[in-house]
Every structure is written in C-alpha cells, then in structure tokens.
Amino acid sequence: MLSLRGIFPPIPTPFRQDESLDLENLKANLARWNDEPLAGYVVAGSNGEAVALSSEERFQLVGAARAAIREDRLLIAGAGAESTRQTIELTEGMRREGADAVIVVTPSYYGPRLDDTALLDHYLKVADASQLPVVLYNVPVYTGLDLPARVVRELATHENIIGIKESGGSIAKMDSMVNGTPAEFQLLSGSASFFLAALVVGAVGVVPALGCLAAERISALLLAYESGNLDTAREIQASLVAPNEAITSKFGIAGLKAALDLIGFYGGPVRAPLQAITQEERAILEDTLAEADLI
Amino acid sequence: MLSLRGIFPPIPTPFRQDESLDLENLKANLARWNDEPLAGYVVAGSNGEAVALSSEERFQLVGAARAAIREDRLLIAGAGAESTRQTIELTEGMRREGADAVIVVTPSYYGPRLDDTALLDHYLKVADASQLPVVLYNVPVYTGLDLPARVVRELATHENIIGIKESGGSIAKMDSMVNGTPAEFQLLSGSASFFLAALVVGAVGVVPALGCLAAERISALLLAYESGNLDTAREIQASLVAPNEAITSKFGIAGLKAALDLIGFYGGPVRAPLQAITQEERAILEDTLAEADLI
Amino acid sequence: MLSLRGIFPPIPTPFRQDESLDLENLKANLARWNDEPLAGYVVAGSNGEAVALSSEERFQLVGAARAAIREDRLLIAGAGAESTRQTIELTEGMRREGADAVIVVTPSYYGPRLDDTALLDHYLKVADASQLPVVLYNVPVYTGLDLPARVVRELATHENIIGIKESGGSIAKMDSMVNGTPAEFQLLSGSASFFLAALVVGAVGVVPALGCLAAERISALLLAYESGNLDTAREIQASLVAPNEAITSKFGIAGLKAALDLIGFYGGPVRAPLQAITQEERAILEDTLAEADLI
Amino acid sequence: MLSLRGIFPPIPTPFRQDESLDLENLKANLARWNDEPLAGYVVAGSNGEAVALSSEERFQLVGAARAAIREDRLLIAGAGAESTRQTIELTEGMRREGADAVIVVTPSYYGPRLDDTALLDHYLKVADASQLPVVLYNVPVYTGLDLPARVVRELATHENIIGIKESGGSIAKMDSMVNGTPAEFQLLSGSASFFLAALVVGAVGVVPALGCLAAERISALLLAYESGNLDTAREIQASLVAPNEAITSKFGIAGLKAALDLIGFYGGPVRAPLQAITQEERAILEDTLAEADLI
C-alpha cells in the first residue's frame, strides 16, 4: 500500500509567454522542490490547470515531471475527466508516463444527474480498470458537487482506492470519512489552511498549493503534530491562513504563479481565460507573503 | 449574416452499447430529422454529451453530421472548452468539418475567477480567431455560472458574435439582452419550455432538446406566433412544458435518448457516469409523452 | 371569487427619520396612488419591510392603509411568518384591520426541513383557518426556497387559496402552474420585469415594485396585451427592464424609496440594517429613471 | 469579561401537544441539565425554534429558564431579528428577564443587500445599545449568509462584543477569526461535530445541540483536550459525529426532541410547519444513539 503521509504540493503547470507548455521550467522548479521536505507531488491537478490542457499535454507534463522527480518521491497524476471512459484512458496514460498513483476529481458538468449511483459507478469502474492506485478528489468550489461521505465510505472498501483529497473544508465530514472507512484508507487535507484540524481527525497528509512556497513550514507543522507539540503546530497553522488565502481563494492560480516568481521559482503566465493578477493585487500578495515571513 | 430564425435541436450523440460513437445511427436519425420543419442542428453541445467526447470524437461527429444534413440547413457545432486556446482549436476544427457556426459555452471550472474581464477576454479572443460566426451559450444549470447581461451586451457589438443561446430561463435577462444589443444580435431560447415567452421579448429561434421529438409542434408554435395567432401559440406552449421537463431536468439526456427509442429514432445508451433511466422512470416518461400526444 | 386582475404594487412602508412608522405619509402616498390605474395594493409584504416590523406595526400599517384606500380597490396584506401558528394569527389580525386577502410568503428559516409535506401542511392549515382568501407567495431571492410547482398545483385545489405571486422568474414554472391548476387559480407576476411573459402563459395580474412609480405604464402594458396589441405591449415591456432592475436587484428597497422621493411621493429612510443608497447610486438611479421617461 | 469556556447547549423549546409553550417541562429539563457538566445554556436560539416564537414568548421562555438555571451558570439568550431596532428591543427584554448575555444571529432576509457596511452597522448599533455582552452568531445553513471573517475581526474590537458562535464549519475561517482578533474575543464552536478542530484553532467552548443528550461526553472531550490527552479527545470526537448528524442535519429539531424523549427528558412536538419525524426515522435515530452508547 502506497503511503500518502506527508506533503504533496499540487504544482502549477509552467507556460511560456505564448501559453505553450514550458517543460524546462517545470524541471527547474522540480529540481528545487526536490530539496524541500516533500513526500511527492500532484501533477496535472486543478492547480495545474489540467482542465485547460489537452490529454496529450497532460501526458507530456507527467512524463517530464517523472524524469525530474526524485526516485523516492511519489508522482500523483491528475486523471479526472467528465466521462468514465476518458478517465480510464487518462489513468492508463499516466501509468505509461510513470505516475505512482492517479488522483481523480469528481465529474461535475451533469451535476444534477450525478447521484450516488452514478458516482459509485464511475469510481468503481475507474478503480477496477486502473493499474495505479486511485485517490478520490473532492473540490466543491470548482465542481459545485460535494462527494457524499456515504459514497466515500463505500468506495473506500475497494482495494485500489487508497484515499481521498478533501478540499471541501468540512472537518466533520473528514472525521466521518476517516472513522467510517478501513484503517488503510488515507485522508489528505486539500489545503494548508485546515491541515492541523484534518490531522486531528486522522489525515495523514496534505495537498497544499501553499506547499509550493512553504514546504518547510508545512512540514514543520506535520512533525510538530506527530511529535506531540501541539502548541507549535497551532502556531504554525495560524501563520499559514493568510498566505494560503492569498494564493487560493483571493488571487487564484495566477496569484500562486506570481508568488513563485517572487521567490525565485518560475511562475509565469496562466492560460486564458484566467487572467494575470493586477499590480495592485501583486502588492497585496507581496505584503501578505512578507508578513508571513515567506519572502 | 447567418439567420438563426427557427428550430435548432441540440441532438444527442448516438453510442453503441460499448459507448463508442455510432455514426451510422447518427446518419439515420438525421435522415429522419431532415424531413422535419427544422432550420438546423446543434451538434456536440451539452445535450450531445460533448464534455464526455474527445476532441477527435467531436470532430468525427460533426463531420459525419455535415454529410447527413440537408444543404439548406445549418450545422452549429459545440466548440466550448475550459481554455481559450482549446476553444479556438475546436473552432478551427469545426470549420474544417463543415460547420456553419460554432456555439461556445462559458468556461466554468475556475468559476470564482471568471469575472467580467475574463469572460470578455475569452469570447473576444475566440471571436477574433474564429472563421465561423460565434454563438454564445449560457447554461447555469450545468456550469454554475451566469454570463452577465452586461457582458453579453458588450460582446454583441463584435461582428463575429451573432447571438446567444440563453438557457438560464430569466425572461427579464433575455429582454435586457435583446434591447441592449444591436438589432443583428440574435437570441435563441435555450429550451422549448419558455420559447413563447422568449419570442415575445425578441428571440428569433430556439435550441430545444424537445425538438428532437416534437419538431412539428414547436414549429407550429413559432408559425402561430409569427402570424399573430397568440392563442394558438399559448396552447401549444402549454402542451410542451411537461414533456420538456421529462427529457431535461427530470430524466436528463438518458431520458431524451429513451424517448427517441420510444418513437423509433435511435437513442441508445449514455456514456458513464451518466446512467440509463430505470424501468419505472421509463414508464413515467412514456405516460408523459403519451399524454402530450407525442407518441 | 376575488379577482386578481390588474396591478397591485407592493408598497413600501414609510418611516420617519427615527425609523418609526409614518402613517401620515402612508396616507398621503395612497391618496396619490388612488388616482393611478391600479387594482389594489400589497401592504406589509417583502417590499414593505414586513420582516422588520412587529406584528403590532403590521396591523397598524394595514389598518391605516385600509382607511386610505379607495373602496373599489383591494388591500392584500402580507401575513407570512416562520410558524403556521404565527401566520394564522397574522391572518386573523389582517382580517380585523380590513384586508381583502392575505399574501403568505413561504417560511424559510428551517429550509432544509421544509419539504413538500411541511409546505403543504403549512398552507393547508393557514387556508383552513383564514377567513380571508389566501395568495401564495414565492420569492427565492429572499427565502432561498423555491416552492415547487407540484406543491402549488396541489394547494390550488383548496377553495380558499386563490392564487400565487411568483417572483422566481421561471416562465416554464409559471406555465406549469397555470396549466396544472383549476381555471380559478390566479397567477400574479412577481415583477414588472417579466410581466408580459407571465401574461402570455396565463397570469392575470402583477405585483410590481415598479408599480409604485410607473402605474400608468404597466397598466398600459396590460391593456395593450389584453386588446391584442402585442407590439405595443412588447415595447412597453422593454422600457421597464432597466428601471425595474434599479429599484429591485440593483439598489433594493432603499432604491425604491429614493425613487419615490425623486418623483414627489414620500420614500424616506429604510430600517437598519438596510442602508440608504449612496449619492453615486442616487445619480445612477436618477439617470436610469430619466432614460426610461419615469421622471 | 464573561468567560465562554465550556459547554452551552442550545436547548429546544418545549411545547404542549397544542404547540403552546410548556414552561413546566422546560423547568423539569433544566433541573436535570443542572446536574450535567455544563457552563450554561443558549435559550431561544435557532435550536429553540426562536423564529417560530413571538417576542413575548421569547421573553417568557428566558424568564422561566432563568428561574430554573443554577446561579453559577450562564443564560445566553437569543435576541436576533431582521431589523436592528427589533434586535435592540429583544436585547433589552432579555436583560430584564435575567439573561447574562445575548446571542445575535445575522439578519438574512434581505441577504443581497446585507453587505459588510450593513452588517457592521447592525452589530455596532446593537452592541452600543445593549447592556448585556453580545455574542455574534453565524449559521449559513439557516440564513444563507456567511458573516465574513473581515467583518468579525472588525466587530471583535468592540468591547461589548465578546465572541462568536460559528456554525459554518470552516476551520480556516475560525482560525483566521481567532488569530485576527483581540485575545479576549472568544470563539464558540457551533456544533459538537467539529469541536475538537475548533479547539485546536483556539475555540474556548461549544454550543452543541448534542449537548442536550451527551453533556458528559462533550465535557470529557474538552477536559481531555485541555489536559493534553489528544488521543482521548480524538476518540471522543469520532464518537460524536454520527449522533450529532442524526439530531441536526439529518432529522433536525424534531430529531433532537425525539432523542430527548428517548432518554427521559421532555422533547415533545415541534411547531408547524416543522414536522415530527416518522416512525422509520425514529428507529434509525434510536439505532444511531444506541450505537454511540448514548441510550
């Protein structure tokens, strides 16, 4: 069983100014992240603008990332799509490219029709077909759909479904997923902003956008928690809320990329229709990061 | 300027039992629809399960449809995608396949970041790049995003943006779009269920799922309205609400396909995770259609 | 059976600068409205800030309005409350104060528990207990709850439930309510902004905030429609959308009151936490009304 | 400064079979709760069906509760209403009846108009006028409105606003409220289901519906957490999720009342339009409570 303990930042996808894939800068970024205290990476996820990539680009991205990622680290590849069929194809492609696991966001376009039966059918077919372990992924802010805890509990009994990234932020739901599922089923906090609370109810790891900027800080939180230093963990957690908000709900992926540029990684442009942040927003972002001692 | 007057059913995409594209049955369906009083077809739209198709499949579908559609009818091809880049590629592909216009649903995944600026930027870039006329497409029930009327009014001044399919159902919004836009900008009702109301505020046509089953009825509504027989139009309109609901919000695309099967077209399966309707639902559907004299 | 044909503006409740009830200005306003082509008034409704009034104030308001309203016009009093018990008490009080009918907004606070059974139970008990005819009232923008058409169809068979004010704006829903209910059941458009569309599917009247400012215009729309002059009706309808938006979704009740002040009625302050509109908003409002020839 | 440390169950309001206030059973319930490890009670809150009570009934309820509550325990009275004016009147009435503090839910009916300015204005006026300390109350599931953290941070500097009951469940928001506010500002978890997570980010107490049934269990959680026994706290927390859900989101206040009846307190009926739970639901509820060792 693959362990999901640790920090798995969902890395952004670097683009050149013309919005084409920039695999050189991907490798350069990963070379630096390889020195940070991370357990692996989520590649081609929501934060990687996966929905704006073609399947071919998603494969290229994962292949290039695999070549640049340290051997002892996991590559979890985003393989979600609206149809079960496409999802299975993406899953197979990600295996060919060297991913260690796939992370599969809920379909959502036909949301009013995606009842428990449809969601169970989708994930069970994907898990049956996939040669890689499957991580569920729930992110209502993007999908408008909240994968019900009862569905997760049922899916957790499938031997090829090893965990879930929960970005919805409901701690009670996380608690009920951890406690209603086999011990092997692993919960990943979908954000640094509620990581400590997620740990307390049984999460083993986190997929934090903020991990691209603050891996040491988040790792220190995890170690403090695991070694029983709750006060230290609380203090660190409190320091993460404002910078996390700046690069997620407040300024989005363009904010995260701008922050990477600020600290010497390659951030670069987002793909349209996403828009670069304004100069004014950049100033606020810089202040927020500085106040949090992240630059 | 392409006229959008008339009935443009958004046709479902036929699949074989293994969920692969069934272009033979597509052609057979179109051969029958060619005898119905329609002005054209929307191919590879929401109702065509476009989000569950690969780009290649979307092109095949449109190419095959083109070959089967009467010369005097329009083929409006769905070319929406999450990125501006992909949308432009789809638009160009649809032109190659013989489409007469493209219909472009709003991007939506990064909804919280898709403000007016982003939406304007998206559609203006697409309209500039496209060699085909562009029809905007707003469908909040699927996208969770409502394209603001003020954005539509601004887009309507672009010479390559010829209209909008509005599925949101707000008549006041439709009114404000028609009255705030150039006379050439054409409004299409996104549903048969509010077609007459849309006509009254200035719509010229309709993109009705129900048009796959009831083209004559909907055409009669249009003719009655245009010739001043409002009472007849009202009577027809009233007869459309229940069957329309059955094949849209109530039973979804699987309901529409089941209805096609019931009346001798090829409906066939939906792609997972969409699910076939149950026997019980089929019975309700059949009753609803029978009561509306549609079978 | 009380006829609901015509225009019934939901009048705002005048307050003095200290936010106390100003019944003198209520009477002065009504004296002017009595000369306008109206069929009656909705008093102590959403637009009347009823939720900000005590029961005693609601009764005073209705009593004072009764004394000031022409005999040949209807007074429809808002009697909605969160509990069935309170609603029945309000209904009885409104009868004592001389109301001709009550209008009862859906309860909503415990929305997740207000299923069909609860809503049916509520309205049937109210209708059984009320000595006045009952008008249902659905306004999702305020309540977050959409009274289902199937519930309305069932309620419409009760002899004391004479109609519904539908503010949700879905024409298809209105159509299905009119066509699935007894001929005596009367539909009132909840807004001037979709009045013509509502008429087309069978509405008999309208409860328009804009009716406080533009009674003649809205009345002319109704007469044009009823006499078969659809083009005139359409033209008038188009002219109502912008000013209607200004005094509802855009600037709210404070906007309506400011507009009344602008045209010589008494608008006055709103009750906190509602806020007066700003000077800048007032300028926009004035422009909008001027452009629509309403001042 | 009043300390909000501890467990403050929001007690339901007992009604007789005819739905009238049953103050005798209120006293009997309180006599039993007085022996439980509680710090006080919230009376006439959401869970007390306050929106279904008249102001007079709310005062009677609080007066009767005061007489029955141990001297060393706090009575926090619900004083929320839609207008600032009513809220201030309720606040003053609650003081007369002997409440120690008031808890003030956000207004919500005119939600689209309740921006930061309106919310600040409301709470500042209430806090200025109130002779009792004020606790803010945010409960989006009922109000459809989420009091922004930035507004809370600003309100927290008012000396008469001593804390907030946060029922929205976002731990990141709670963290940002605790860390952005003066040390004296006290956070109350709005539910037992995320109490431990709330403690970890700095909450001092909880207002748990489940506290009516499981005071000892929740108190043990608090003590375990405060004495550094995180494992024990986690175990207890996990045991609370299912029973908490049963008496809140699943079966609502009727479920809580039924649960009280099951364990020998007086639950009794809810006020219409709320409905009693069915026999089938009661069986599920009983099973859930039994599995959690609460009966």
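Going in written order, the chains are labelled A, B, C and D, and every chain counts its residues from 1.
The working rule: a residue touches a chain if its C-beta (ideal position, glycine included) is under 8 Å from a C-beta of that chain, and two chains touch if they have at least 3 such contacts.
Quantities reported herein were computed from a predicted structural model and do not represent experimental measurements.
*Asks:* Averaging each chain's C-alpha atoms to get its centre, pick out the one most distant from chain B.
*Replies:* The most remote chain is D.
*Asks:* Could you give the separation in Å between the centres of chain A and chain B, each centre being the mean of its C-alpha atoms?
*Replies:* 35
*Asks:* In whole angstrom, what separates the CA-based centres of chain B and chain D?
*Replies:* Each chain's C-alpha centroid was found; their separation is 49 Å.
*Asks:* So which stretches of chain C touch two or more other chains?
*Replies:* Residues of chain C never touch two or more of the other chains.
*Asks:* What is the complete set of touching chain pairs?
*Replies:* A-B, A-D, B-C, C-D
*Asks:* Using the touch definition up top, name the residues of chain B that touch chain A in the complex.
*Replies:* 19, 46, 49, 51-55, 82-86, 107, 109-114, 117-119, 121-122, 125, 141-144, 249, 252-254, 271-275
*Asks:* With touch defined as at the start, can you tell me which chain A residues reach chain D in the complex?
*Replies:* 169-172, 175-176, 178-179, 191, 193-194, 196-197, 200-202, 228, 230, 234, 237-238, 241-242, 244-245
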